[in-house]
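Dumping the structure here so I can ask a few things about it.
As written, the chain order gives the labels A, B, C and D, with residue 1 at the start of each chain.
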């Protein structure tokens, strides 16, 4: 029961922010990430302190970063999009085809095209999920098959290779501004914008509300279908953007581009502390999760772990993260119950 | 039918019919039957129109390739009926194949011993999933995405760059030898046995009833004394063990084991189960539907390949079937909603007194 | 009755979907086997691989020459599981000749033997299976020759001393592992100052190979050279190197196709690499299959057959036919080739 | 206390519903709902559970669409397809059960979708928190707007619902049993706010089972029964007994026919049961042939105690024994074997597998006994279920009908059938007649009485005081997780029970009319 006298300890906003940061789930993975980078750098200073090492540390996660942000937005609404790998593949192929047709195409047009292709796919997913009210897990699993199959059918054994891409686009893959790769900058802008939206816009908060309790959201009068649809469109668009990234970085596009990356994106989101059944988690967490996932793969050989055990380490990381989440939530629940007794 | 005098009411005894529909409707008008019919139609169509489909190798190849998928689909059916999912089966299969291979080829164990150990390992891996899901309370989707990576990683770590090949001839040949004069390989025998075992387990035991109850409402099952956690643990353990058995088979059939043995099978298994009429929300499904669902994918695959179609066409069709079947089954309630008058009439006729209002039907769960 | 209606609707919808799917494929009459020419099916490790595209194109050219029916099938990622089902299908279709590049020497054996029992002649090329599972193996070059040429090239490029690494395909790839073993022996025997510090596996996947190259360079700052005995690996590695500080400092060689490597040879990332002519390989494989199917040869040692413009070939030990020696490509000659 | 608000005849009614009907599949939840509410008034809507009040509320809120009838808001015909539409039209609803987003903060729960915005359409959290605190101050409670809603007590959740509704600044505020979980002081605060809203000219609809509250707060009262409108009258011009007889449509005394039974040996013995945050040091006994009533406010911990005894929830300390033999904690199966039957509060979620068939539900506990060599057939289940369905007069044509298609009363009979089939020693029954029509209600009461007569020990949790007072041989009152009173049948009065149930807030407001012990208060 509530107490009557409003006695709240006064604390400054700064203290509160600090407390929030210190208690946040994201801090745990940041610590793991920093520790891994530090260890790897201690063993091999070139891991970070060399032009290539610095660039790759920042550049390598950029594709997964973008995908994880999109996936996070869908997951927070208690949905999931397994078709993003296929979407990425289609986007990459479209980008390649555009350059094959006209090598002088502006980079901006290519970005727009990739994002648009992804958004269309996302809209199809979103429509199927919201209009027919079917579980997104199955729908997007089916769409993953359909899209990949359609792509393979169209592409066949064709492969768009480095030679087919104009130099200015290939260069984009490694271009740096103040030593920070352009792709990473774009990815970080995406993280910032989406994170800001989810944190401070009404629409963003509604996504959390929908994921927290979809029935209550409908009862409350939130435009749940529209928001979920929007989340899928955003996720698709970001998968499309990741397709452009992929062609820029790898300078190749074929029927298998982006295969199996969807599970990595889901893993990044889970590692980042986003609840798989929606309602909680942050874009920052998902982004750090993606960073960690990619970085750990790069760092393991340096840390002396054979590449054959890398998959197992990633699996442990995922399991460890969700167990950690569970332990934290149980502890919090206990605290709340005890607080009730003392109230 | 006996009347019971226990209890209190002294009112005249009523009698009840066991079923609201007759046998024919009950058996024929089901989602499972729709799949069975689709399977028969596709099979007959292929027989008549696809060159070589009637050849002696078709059924043989089909059984040989889809035996592991069907095996893994059996426990997966029960798991999905409880409302959970196991994405790690193919990785468990990979670990089992690797264990079998390493034990037989590197450590000279006999195949049966290695197989038993591999199945034990599989059961342990499955139990680990089950423990996380049932006792730690983690969502199975997240757990098994994690173990999908973890177990595949274990298989990679076990095999590394070693060449695991060359099982003893007798064991290596047995699974794919034909049964007598038939078109079927030996592996069909254990698969049929497993199908029967799982069908009985799901449909004719108290355990199976519990599985359905958990899927329909795990809370109600818990309140009726069903040990929800233990049931889930058992199912995931079974899933691991059966996947491991499939792994032994795949290793022997291929006579070699690679790090990616069985990779991607989990999606085929899940597609087959869902196509077979099992609801992804849990609580609904039947094993014959799942068998038909897996076979439908197998026959379509075989027919399309014989017709010269690439694997991508098969992928597209499986994907469309999956999406289509889920949309169809989820939205039939809407179709039903379009016929409310008829529904009222039917129900009114079926009860002896007019129905009474149901308030609080839509009471909702309290925030936890 | 509403339940009945609902279930019937479900069934109808599903049957419709299924039959639509089938009708769609039934309309495309891609049947092979009619006509009186020899049917030859090529099954590469995977589709979408430029190397195999070239070799299979050679095969197609040969099949057309002798008036057979050519077909190419294959999985989209390299793996034995998927190859098995294509072999099974080919057997059921009763094709005359199956030309396979094996993803695994053992995993395909059962299916290949079943196909042979059904009357299909099996020719392996590029990557062999166990000898008892096929009729002939068309060897692009001897394993010893392939290993030696790569070791020679890297030794020349790094001055016969320093750390090198190998970027392979899959960890279990037969021919890769055989070559790596021979290369290790050759290094030990003839190049004591060269140290092989790592072997990593790019799974013949472009992106994986790319990422592994990056990891390799980060992990081994003193690396002087990389050998990638796979066309996918060497082109991905070259692409990474060309944008990295290591360009020109870390030598890269191995097996690659001229078209994929041209840019990197010209910009100085790569000095020299080797390969046989994959088109000839496919061409020879097709002719070998034809000879088997016609009963001209049985695969016995000493059998001889003619392979069109390539001339006469003789079957060697273990049913192996040797195409020739690997050829080195560099800035001087690369423009003479287009495959 | 003034009860009539000034009514301006010229102003249109804020809300007018006439002959509204609504069916769910086979079940007609609302036959002819009529409700007219004037601006500047508080209108009570009363009726038994199952009278159709909640359905009516949900039609007003836009959750359901009516099948027939007139629906006008502020004089205009409306037809809400969603709660968003009703909200936009100026309707605020407090639902019976809180509907919060557990992951979000308290303030966000209040302002979701209409958070105060600062520069650049960015949510102004500081203002949102300040606004929340202002609302809580108005309600006289102290809640941290920043904490997440997960883990809040039901009372606090209800406070948030109220704050949410008030903040909507609506022309019409509908409150569906807002006081069920509140203490006396909190109720008085809420009433003060409600009156001030009325004085601002807004219309309020107040649904409650507590008649003292109706008479304290409301101006007019509409009675519903069995999904239909019965009457509307000014509160000042009516009496409780008139309302009650209109609600039940018969003499009240018929309802609770507990007959005296021989009280035998102790069956259930609970000693020192405690669970952090739920209940503390609970000790009591139930004897054979005895009905023990567990009374208290919603959220006081009664259901939690019952669940812990049955073993579906854990407890930290204490012991439970049946017939002198201790029962292991957290093992419902053992509890069942020891002879405990448990009819839970939430029939649809916990009592039944609602999507399962009647036969499988009835046989669900005894099926182990029905299996032969581990094998179980539907035939065996049907044969076992039929006599129990018959004994309890379950109305269904066939045993394979889904429980979901049945009425609440029939569902409750199925739950009872499934437990009676286990031939229990102790029956724990949580809200035995919630959501059941009047006819079935008395059937259930008679059944419980008969069962006690046959020597069954019964622990009955009920929020309906008349039910508790009518049925129980002994009333235990739970308040904030502790037993605060143990009152024998002869001494039990509504006042005594309510006083013990709201121990901290000793005074419930005096009822305006003479109260009898038949008065439904809780």
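As a working rule, a residue touches a chain if its C-beta (ideal position, glycine included) is under 8 Å from a C-beta of that chain, and two chains touch if they have at least 3 such contacts.
Model, not experiment: these values are computed from the prediction.
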Labels of chains that are neighbours to chain C and to chain D: A, B
Pair of chains joined by more contacts [C-beta pairs], B-D or A-B: B-D
Length of the line joining the C-alpha centres of chain A and chain B, rounded to whole Å: 31
Chain B and chain D, separation of their C-alpha mean positions in angstrom: 41
Mean-CA-position distance for chain C and chain A (Å): 35
Separation of chain A from chain D, taking each centre as the mean of its C-alpha atoms, in whole Å: 44
Per-residue overlap in chain D, given as positions that touch at least 2 other chains: 63, 95, 99-100, 102, 150-151
Numbers and ranges of chain C residues touching at least 2 other chains: 76, 171, 201
Contacts with two or more other chains, residues of chain B listed in rising order: 156, 159-161, 259, 310-313, 317, 320-321, 343, 346, 364, 367
Every chain pair in contact, whichever chains are involved: A-B, A-C, A-D, B-C, B-D
Chain D-facing residues of chain B, complex: 1-9, 11, 13-20, 200, 204-206, 208-209, 212-213, 216-217, 219-225, 227, 283, 340, 343-344, 346-348, 350-353, 355-368
Chain C residues within the chain B interface of the complex: 1-15, 17-19, 21-22, 24-26, 28, 30-33, 71, 73, 75-76, 79-82, 84-86, 88-89, 91-94, 104-107, 109-110, 114, 118, 170-172, 174, 177, 199, 201
Complex interface listing, chain B residues touching chain A: 85, 132, 136-139, 141-143, 145-154, 156-157, 159-161, 259, 267, 270-271, 274, 280-281, 310-323, 326-327, 330-331, 364, 367
Residues of chain D defined as touching chain A within the complex: 61-63, 82-87, 95, 99-104, 108, 112-115, 117, 121-123, 133, 136-137, 140-144, 150-151, 153, 155-156, 159, 183, 185-186, 276-278, 280, 480, 504
Complex interface listing, chain A residues touching chain C: 44, 46-47, 50-53, 56, 60, 152, 155-159, 161-163, 173-174, 246, 250-252, 254-257, 259, 297-298, 301-302, 307-308
